[in-house]
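In what comes next, chain A is part of two complexes: it sits with chain B in the first one and with chain C in the second one.
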Partner chain A sequence: MTTTLATEDASATPLVQLRNISKTFGGIKVLKNVDFDVRRGEVHALLGENGAGKSTLIKILSGFHHPDEGGELTVNGAPVAFSAPRDARNAGIATVYQELLLFPDMTVAENIFIGHAPRTGMALDWNEMRRRARALLDDLDSPDLDVDARVGGLSVANRQRVEIAKALSQDARLLIMDEPTASLADADVRRLLDVVRRLRARGVAIIYISHRMPEIFALADRVTVLRDGALIGTRPIGEVDDAALVSMMVGRSIDQLFPKVTVPIGAPVLELRNVSFKDEVQDISLVLRAGEILGIAGLVGSGRTELALTIFGITPATSGEILLNGEPVTIRSPRQARDIGIAYVPEDRGLQGLVKAQTIRENVSMALLSRISRASIVNRALESSMARDAIARFGIRARGPEQRAGQLSGGNQQKVVLAKWVATNPKVLIMDEPTRGIDVGAKSEIHALMCKLAGEGLAVIMISSELPEVLGMSDRILVMNGGRMVKTFDRSEATPDVVGAAMTHAGAAHGRAEQAGSAP
Partner chain B sequence: MSLDIAAPRRSASTGVFARTIGTYGQEFIILAAIVALFIVVGFIAPRFVSQTNLTSIFSGNAYIAVAAIGMSMVIISGHIDVSVGSLIGVLATIAGTLAVNGYPIWIAWCAPIVVGMVITSLIGALVAYVRIPSIVVTLGMLSILKGGLISLTGGAWITNLPPDFLIAQFRLFGVPSPVWFMLGLTIVAAMFMRYTAFGRSIYAIGGNPEAARVAGIRVERSTVAIFAIHGFFAGIAAILFATQLQVIQSTVPAGLELTVITASVVGGVSILGGTGTVVGSTLAAILFAAIGSSLIFLNVSAYWLRSVQGLLILATVLADMARRRGVK
Partner chain C sequence: MTLRSFLRHEAVLGFLLIVVLFLLAQQSDKFFTTANILNQGRLMAEVGLIALPMTFVIITGGIDLSVGSILGLCAILLGVFWHNLGLPLPVAMVLAIVVGGIAGLINGLIITRFKVPPLIATLATLALYRGLAEGISQARSVRGYPDWFFVLGQGEVLGVPTQLWILVIFAIIAAAILGLTTFGRATYAVGANETAARFSGINVDRTKLLIYTGAGLISGLAAVIFVSRVSTTRSDMGTGVELDVITAVVLGGTSIFGGRGTIIGTVVGLILVQALKNGLALSGVKGDGTIVVIGLVLILAILATNLFSRNGDG
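Presenting the complex of A and B:
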């Protein structure tokens, strides 16, 4: 019933159109000559892996980034140039980001009208503000949401509604939603989809970013796929299916890119038996062997990183058993994990991996300062030679061990973090997003290093959002969703289609499994 | 830093030199400033470099340099202590009271160190385990100590200090003991920060606490220890302060905490944590003392000292920001 409106307007000028848009950061072209348009009353899904250029594209649309010379951005057929987010907002483009940008200590009404509150003379017109906030929320089918409630006390779903109401209060004609359902429970997802349909029926254009295929097929009118910053294609939703979209997203020759070396797989090193952490990691059992690379795939929020944090003792397991070399171990802190031979190369280098102000030498020795000290005096000679070894072994491009880590490129920083952990001589190496934000050349170097380490008998767990990386590097692949293991694949049986399907459909499959379990 | 980037390939000798400048740039600049100040002011007013005045500059301000050593460690670890001035006042009063009331001299000397470490450990525990920002904890502590000091002493000075107690007036090879304390403690602390595992973890904690934790450093425990060490230096500073005159006033020089913090920051300790050296803070403390004294010799109102101090802080923080941007 809602699609009639969309098709009527489809023939007219697109509401927003991008032509030949590129964006270069520090010499790297992250968006390459992309054409894209959104029509009134249309839900246009934007798909792509992490790093495909989706965020850059929406940041150009919302005025945070300027596109490179040579591209054109039109709103209602008229060319525009946004110099600040404010310009985009004035042109009727609003964005609901994944991390909601609200003021937790203000009320719902205040948040909706911040910056453009109704006034009577000099003073704010509180009654008018509350009345209009009420009307907007009722319009979003949220009569239960109190306009005087403090936003900090609301659920994620309700905060999201506040964010949408805020966009509508500024007469948004295009609403960009960045993974709006990533952190919502099932019931809230359904309500959100209803809200999106309502908005479409009122003629609002929507760019909808999500990794969840069922939502895209339930909502979108058209879908655009980006890969490596380039436009792969825009298709009406009726002309594509799951498999077609996944192969558009992934479609590249994996064997060429990933220098996977098959090494003999040895004895079990790490074993997890029904390990859980609160409800974030539920009932995980697995066996990891020496020389094996176990890839963990799953969407953001599927519990991948949480599993790594639990194994490494940052969020110690609340139940279950962990065995190392067949012996039960308790891991209550990163320090304990480190001391029994588990290493963790974190997802966010800047936050958890590297001390940028310190030198390569100081970073490499950080996790084993006490081991290379006598009477608590650090053995400088040993430390320096370790750093020089690391530079040679990991191919770190630096002037020498005394260069500050912050001056290195992303790929070389990652090698420093890797070197730090390998220096502890671990038995198990957990790498969370080992190549995020690293250029292609450095990526394959990191991959080659992983293979080399596995060849030396290290057991490796690799968590990655990039399907090709998971498929290309892993001996075995474990797919997670909602904190649970939903499927495991051997290297031979893993194809982009089946793993991609397991990642995106797992939620539905899992839901079904639960129903089946509770039925009898 | 930028120097290094611009010319990555050069002969080993200049490489080492440039790197040393890069690592200890701030220290060299301050040392140069001190030398220049003595030359210029000494030329205009020769009495500025007389032995009496040099003694007064170095010996009279050594306690600030000593306090700045501990402060530097706290700031390098990513925290701050704005209560240090009042703390020194309280500890000095404790030492003096014990000495006057006939307790053994060694007790009068040790008590402020122990009490200082207890108080700062408490601060450290609140910061590390209760996760209250250090500026808030120490602002509270500042008022508690200041109020407590005035109520306890009633503003009265402590007089009739036994001569044996006045350690700051002892001399070794003709040099007043505070200068020896300043030099010795600076060297020991510098070695500690540079060569021990714990010293190095202080930099890691200040540079990136999450990374330090993930690397297995016990961040909370270390934070308490860092504050305790700071209390140790505050205790020694208090003894030097208490024993430099024949009486102990119940107040400390106004803004002492700021002077101490300024010495750290101007000495190259990043206010954001993670970088800096105690050598720099000691040099900066000497620079301030010299500036203060030179203002008198140049017939400039001493009130300008505050403004100069402020200017130096701003200039240093700006330079630090610029440097960080370069590193990032």
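Presenting the complex of A and C:
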């Protein structure tokens, strides 16, 4: 596939090359026979939906995962096998992660040289360390960044520069950047792009992961698309446009992907009137009806999840009114929310949704133990039959009710969480990132279940970072930004362009200013 | 699946217990006599009682280091209520146990309301409660309890020491609560994943509060039995009991990281420790040697548990 690329002035051997790389976790192949290469002085963009295998690929490159047998990884043409992240670093591969891995209580210079500080004899050579840190930062066009500053007090953008300087201090020849602009304000994004270009000019190879198309077209020399763990293609940036990349990523039209069934919309179930939680959720008013799927779109940190947590009583509302079936209710805890018929399938499945060490049976019954017990004694027979019903109804692929939840695949784990909440017989179901990190097959099963539940009269709120999912599934779309509702769209008027614009533009400065302000 | 792997661990532990009993019986002909066995039951009752709520505490991922100090405090207060304040002895006994419950409740409040890690919170109250006990007692001991009071610690019912009956009854109740009830489920869920438990509508704070209060109450009960057994009240009673209790619980297969453990395991662990102590003493091993052996057995049991959980985990 890479042989079709003759337009670039690349040197003969790529700096790093992957051939036929696969990776299997617990019987599931998350990366399937992928070929990939990066050349010196090239920005190579890596694209794909969540769960497409991008992070697995970069974890193989940075030595966290070992690929399955049969693949080959070469650096400068020589085969290598990384047994630990250290090996990858020694081979000149450095990664700047989304969540920055720095020591907040150390200075900039200390962070850059941690683990390989210059020494004079036994002692650290502080002057040399500070001098070299200064030089590295000047190189990154950051003369304003003080090498003696505490890293914990820096903005996200500055911490990112420290991270890049740290990579360069180890003579990185390949720099992997995982969504480096996800939490940056516009001005910082422009500065970062300049830094990336500067590095490329010095011959550093860069793998650049981002969901933001404009950045990819502004920076990349080539782009590789992954989908469901397979390589879809590698193209010079000049040969593709926005639409072509999206269709490579999604692989089918949105209508096919989302089995949206239109069901009659009933009476209002949940109503919020000027609900706020501190400054994270501000002044939200909405009406949710039976049978309706309300999609909430917004960037990370826009207040989507915070709104769900407020409705569910984890962070109870500090002002405003919540009505259920027309009656005002107070929700101070998840327990109260559950008891009045609100269910929440949380964003972080492993942490908030499941007790992985326990069985499917114990997980499914967890939210309604008091209802299946008499005089506090849990009815085990009833519990087991409930778990078996859930396995059948939700199509959970498991050995049986006594299998531990942690042994299931992501999609099946999500079905267990969904089963737990549907078992409580709720009136309102909030699903936060319902299909994050699960494969495409399980994804459409979850979507079908969602439609079925709505058809049974459940009122559904769906929060998602994937715009196609929001557009494909929702009857109505609410866009949040900076903790506020900025816009609502009906299904008919919602297009990727207008919803995307509402997410990023309107009030964007507000939301970002807040993030930058809360960084230290 | 989980239940089966617990039983597997307990089967190993039970086997270990049989081997130990057999070896010790070879060493001394006094070991396997009814009198000795019943006497050992008497001696392990206090540690055994406290080990029951401690199993709950450790399953939630917590620890309670203050139980020995609560025992000391309650013992002193029993004497003070009866001897110094002139309250009827039954009232003094109830009050002493109530004080134990309050001490446990305070632990629970510090842990749930102020989010202090249990290790730190109960390390602090370990010192605090012991300090109170010593301050109240002024190094004086209380003696001269009426004869009926000694039934609890020195008497027998149907030929079996009274406190052994109490231990057996409480162990059955604890096993039923942990194994069968919604509260037991909440205990495991909190220990295995506190956040998910909270997100499932389980009242995490209430669960912990009840467990630490229970640990205090049972420590108070153990104090009353202790005083009855030794016929006197002193402020240094129960010093170091927490370590014996934790040893028995952990030896019984309860994971110190929370989420796993059973009452049956704790009981087997308790018997194993007591048998080792007694058997080795009868075989002429000095006290120091006994401690070394118990330490080694503990490490071996933990290694075995880790091997099992590695095999069984997904």
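Everything that follows uses one rule, which is that the second predicted complex is superposed on the first by the 294 of 520 C-alpha atoms of A that agree within 3 Å, B and C clash if a C-alpha of one lies under 4 Å from a C-alpha of the other, contacts with A are read in each partner's own complex, and residues count from 1 in each chain.
We take it that a contact is a pair of C-beta atoms (placed from the backbone, for glycine too) under 8 Å apart; a residue touches a chain by one contact, two chains touch by 3 or more.
All of these numbers come straight from a predicted model, not from anything done at the bench.
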| item | value |
| --- | --- |
| First (chain B), second (chain C), both or neither touched by A:R338 | both |
| Partner chain in contact with A:L351 - chain B first, chain C second, else both or neither | both |
| First (chain B), second (chain C), both or neither touched by A:S62 | neither |
| First (chain B), second (chain C), both or neither touched by A:V378 | both |
| Partner chain in contact with A:S465 - chain B first, chain C second, else both or neither | neither |
| Chain B versus chain C as contact partner of A:N158, first or second or both or neither | neither |
| Shared contact residues on chain A - chain B and chain C | 314, 333-335, 337-339, 344, 346, 351-358, 362, 365-367, 369-370, 373, 376-378, 402-404, 406-407, 420 |
| Residue numbers on chain A that touch chain C, as the complex places them | 26, 314, 333-335, 337-339, 344, 346, 351-359, 362, 365-367, 369-370, 373, 376-378, 402-404, 406-407, 420 |
| Chain B-facing residues of chain A, complex | 312, 314, 333-335, 337-339, 344, 346, 351-358, 362, 365-367, 369-370, 373, 376-378, 380, 399, 402-404, 406-407, 420 |
| Interfacial residue positions of chain C with respect to chain A in the complex | 1-2, 180-183, 185-186, 188-189, 192-193, 195-203, 259-260, 313-314 |
| Complex contacts: residues of chain B adjacent to chain A | 1, 4-5, 8, 19, 23, 195-198, 200-201, 203-204, 207-208, 210-218, 270, 274-275, 324, 327-328 |
